[in-house]
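Same chain, two partners: chain A is paired with chain B first, then with chain C.
Here is the complex of A and B:
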């Protein structure tokens, strides 16, 4: 059985929710799908100890009164059938939905750069650790280091601090000069400035090291200390948890599987036109999937694409100028948190790159001009349950040159491990949902 | 720069020929347009199987050769001797398996029939309403990309040369011209799998699309490669679709699930409908699959000839040009025997197998 809608939105983060609100004004039937049990996405992920952020409260209040909108939370998009019909899985069943129009707001995930010890228990993604803590992982009194690059480290630190963690330090690889230049021009974007100030106020007592990175994580059964360096001096920090992330990469997989054009960059985004349209008719994209630029940009793009998808072009065009200003913020962010050379050189030959297939860097032959598929077939990197979501992006940083052009060509379904029964066409399943390994 | 033999295409067949030729003292050069094993070889299951019917002679000989190859270092091929368990859904299928049993025995392929109870003992996960089965204990599995890599590495150690990422733009009666306009002289073998008829349009080739599905790693469900009795290499109507259960336990703990066959279809897209039909068929035989998750689905094109047998031999009217393609879904199994048969002919000798059934002249158009 297939549920039909005028518009199906994938992702209930800032972009997806704004798109839903914008579309709700038309009164047409809209579905919003999200893997998480509650709307909000990554940035507004529910924290039971805190009131939801104001923009989320406002959005949900607006959407609640709207009968034409149906939420499928706790539903993961796993595959497409012809139409495209979206195949969803929840903890207990499969479902099929179809939209006249499709809007992808699948957000972003963290970029990991492997270093010795990064697979030790106690090492998490910075955003992953934040999500775990919001979900109930106890950190009170525990010593935590956050390391990598970008504003996510600060957001994660603020959450952990509020849950009682002791933040030993935030280790930012960008040098002080870049951070200063980032902050100097930040007031051009009042929303982002307010967010940054609120975070910095909460983190006043936390050491913020610039131009440093974690070269190694150590411990026997679990993490006990990290080695921090700026390339000259080395310091050891004792800690029980490390959250690491070198920025974000767009979740392009669904769009890529549908054949939407991608941008030609190391970590491709989905190409969109000025009304949020992708290269495929009837398919729109908004938010981090079109390029990393934060929640403010995502909300504008969502509102714009949601209006455009249901034919409200005047509204879409009105939002376009504002979205261009937000676009400039994305460039500002990317410029000043650029990854330096040393953090790409941390992995040693024995460092695992692909965790699904347990493939170390030394096992991955350096074949210049080789097809990335050759590499995958021989080493199996990127062929495990996560389909290369982590290792291919890491490798694109470690060895950017030879593999770039076809890294993302010919994606294989399903998007996530899906129950065999679901793909056999059944909605009623007897098995529990498989969970994707993640950090 | 000249070679005795230029092998165009470095899949399992090309690499196998290069190795055999080099061993026989021919200076061999491989030309591969993408990377070794990029084509049909990469898409298949890697099932080493003694297939009954017209392919019996070639596959039986190949299994003898494989046994020798695998003696040295089976782990480099990720070899497992899983055997093949053919299963019969009903008595008529079982009668077919009994006939197959007799034919295989005649050519010396060890195999044993199983009744319903015996089948359940071999594989307790199989559905309880099956009639019986036929066990070929000598069959096995390899990981095809590794197999190509091994053959190629060995050939190169013996002196063979390889150029990858290089396309052949013209075929001459005594050599080839490459895309960079270099001319290479020597006898030529076309071993380009499903691209065989690009250089030899006079030899008809029908793409026969197949889907494969792989599961997540899970505790072992089965020990053998299990195939339903109705699985054949036979001919279907153009555009026809046939589905047959074929499940292989990988050394990684994953299960590889097939199979589909779509005649004359060459687009590489995964079809959800075909996948669903395959999954339903697999569930009919192995209900326990319902607990598993699928991580990847892909397709491949089997290069099929009109009579289901590969082209192995000299191409009439082409001078020193030889064909070695059209192996449909059996190239991994039959590559060593193909190489042996072809190199014998090139050297003007005569071996164990009768070359006549594979002579390209039979299909010339």
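Here is the complex of A and C:
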């Protein structure tokens, strides 16, 4: 059985929810899908013992009063069938939904650059640690280091401080000059400036090292210390947790599987036109999937694409002018948090690159102009549960030249590990199946 | 806004936390080792957002991602090894 909608939105973050609100004004049937148990995406993720952030509260209040909108939270998109029909899987069952129009707002994830020790328990993504703490991971009284690049390090540190962590230091690879230039022009974007000032106020007592990076994480069964360097001096910081991340990369997998055109960049985004349309008819994209630019840009793009998808072109065009200013912020961000060479060379031959298959850098042959499929077949990298979401992007940084432009070409379903019953088309997968491994 | 507490069992040990917290939060109170990678090295949660697969373990006998699974009363969770 397939549920039919006028518009299916994948992703309930800022872009997806704004798209839903925009579309709801037309009164047509809209489905919003998200694999997280609650709407909000990463940016509006919150501790369930606290009130949701205000923009999320307002959006959900607007959407709750609208009967034509149906939420499928806790549902992960795993594949497409012809139509395209979306194959979804929850903890207990499979579902199929189909939309006249499809809007992808799948957001972004962190870029990880492997270094010795990064697979130790206690080493997390920077945003990953923030998300886990909002879900109740205990950090009170623990020493934490945040390292990598970009404003997310500051946002994560602020959340952790509020939950009682002791932040030993924030380690930013970008040099002081780049940070200063980033801040000098930031007032052009009042919303981002207000966010930055609020963060910096909360982090006044936290050391913020610029031009440094974590070269190694150490510990036997779990993390006990990290080695921090600027390429000349080395310092060792004791800590029980490290959050690391070198910025964000768009979650392009679903769009890529549908054949939507991607941008020609090291970490491709989905190409969109001025009404949020992708290169495939009837498929729209909005938010971080189209380029990394933060929640403000994502909300505008979501509202724009949601309107355009249901034919409200005048509204879409009105929003376009505003979205151009947000686009300039995305470029500003990218320019001043560029990754330096040293952080791309932290992995040693024995350092694991593909966490799923435990494949080390030295095991991965350098094949010129390969798409990733050849290396997958040779080494099994990218063939585990994350399906290359981490290692393929890491390799694109570590060994950039030979791999572009086909590195992310030829994806295959399923998008995530899925139960066989889901793919086989059974509606109800709650029956006992001890012989089927789902992950 | 504070959800009532729920008790779950991690490797047979009772853990009581606010409902709405994740299985990852409950397991982290017992052990940092959620699973073992090929080759036997211990792993814990990493991406926190449901795509890396490092926090997968058995919840009521089924493989689940600990970071995306909300606690519910009486849930039985088993880590690897």
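In the analysis below, the second predicted complex is superposed on the first by the 424 of 439 C-alpha atoms of A that agree within 3 Å, B and C clash if a C-alpha of one lies under 4 Å from a C-alpha of the other, contacts with A are read in each partner's own complex, and residues count from 1 in each chain.
Note that in this section a residue touches a chain if its C-beta (ideal position, glycine included) is under 8 Å from a C-beta of that chain, and two chains touch if they have at least 3 such contacts.
Keep in mind it's a predicted model, so treat the numbers as computed, not measured.
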Task: Clash-or-fit label for the pair chain B, chain C on chain A - done: fit
- [ ] Mind working out whether A:124 is in touch with chain B, chain C, both or neither, as first, second, both or neither?
- [x] second
TODO: Answer with first, second, both or neither: which of chain B and chain C does A:374 touch in the superposed model?
DONE: first
- [ ] Identify the partner contact of A:417: answer first if only chain B is touched, second if only chain C is, both if each is, neither if none is.
- [x] both
Task: Touch count on chain A, higher of chain B and chain C - done: C
Task: Touching partner for A:100 - first (chain B), second (chain C), both, neither - done: neither
Task: Contacts of A:50 with chain B and chain C, given as first, second, both or neither - done: second
- [ ] Angle at the Cα centre of chain A spanned by the Cα centres of chain C and chain B: state it in steps of 10 degrees.
- [x] 80
- [ ] Once the structures are superposed on A, label A:363 by its partner contacts, choosing first (chain B), second (chain C), both or neither.
- [x] neither
- [ ] Could you look at A:222 and tell me whether it touches chain B, chain C, both or neither (first, second, both, neither)?
- [x] second
- [ ] Mind working out whether A:385 is in touch with chain B, chain C, both or neither, as first, second, both or neither?
- [x] both
TODO: Quote the smallest CA-to-CA distance from chain B to chain C in the superposed model, rounded to whole Å.
DONE: 8
Task: Residues of chain A that lie at the interface with chain B and also at the interface with chain C - done: 384-385, 417, 434
TODO: Can you check the complex and tell me which residues of chain C touch chain A?
DONE: 1-3, 17-22, 24-26, 28-29, 32-34, 37-39, 41-54, 56, 61-65, 67-70
TODO: Mind listing the chain A positions that touch chain C in their complex?
DONE: 35-37, 42, 48-51, 74, 76, 91, 109-110, 119, 121-125, 127-132, 135-138, 221-222, 355-358, 384-386, 389-390, 416-417, 434, 437-439
Open item on the list: Can you tell me which positions in chain A touch chain B when the two form their complex?
Closed with: 79-82, 87, 369-371, 373-374, 377-378, 383-385, 387, 410, 412-414, 417-421, 423-425, 429-431, 434
TODO: Write out the stretch or stretches of chain B touching chain A in their complex.
DONE: 34-38, 42, 145-146, 149, 165, 213, 215-216, 268, 270, 272-273, 275-276, 279-280, 282-283, 289-298
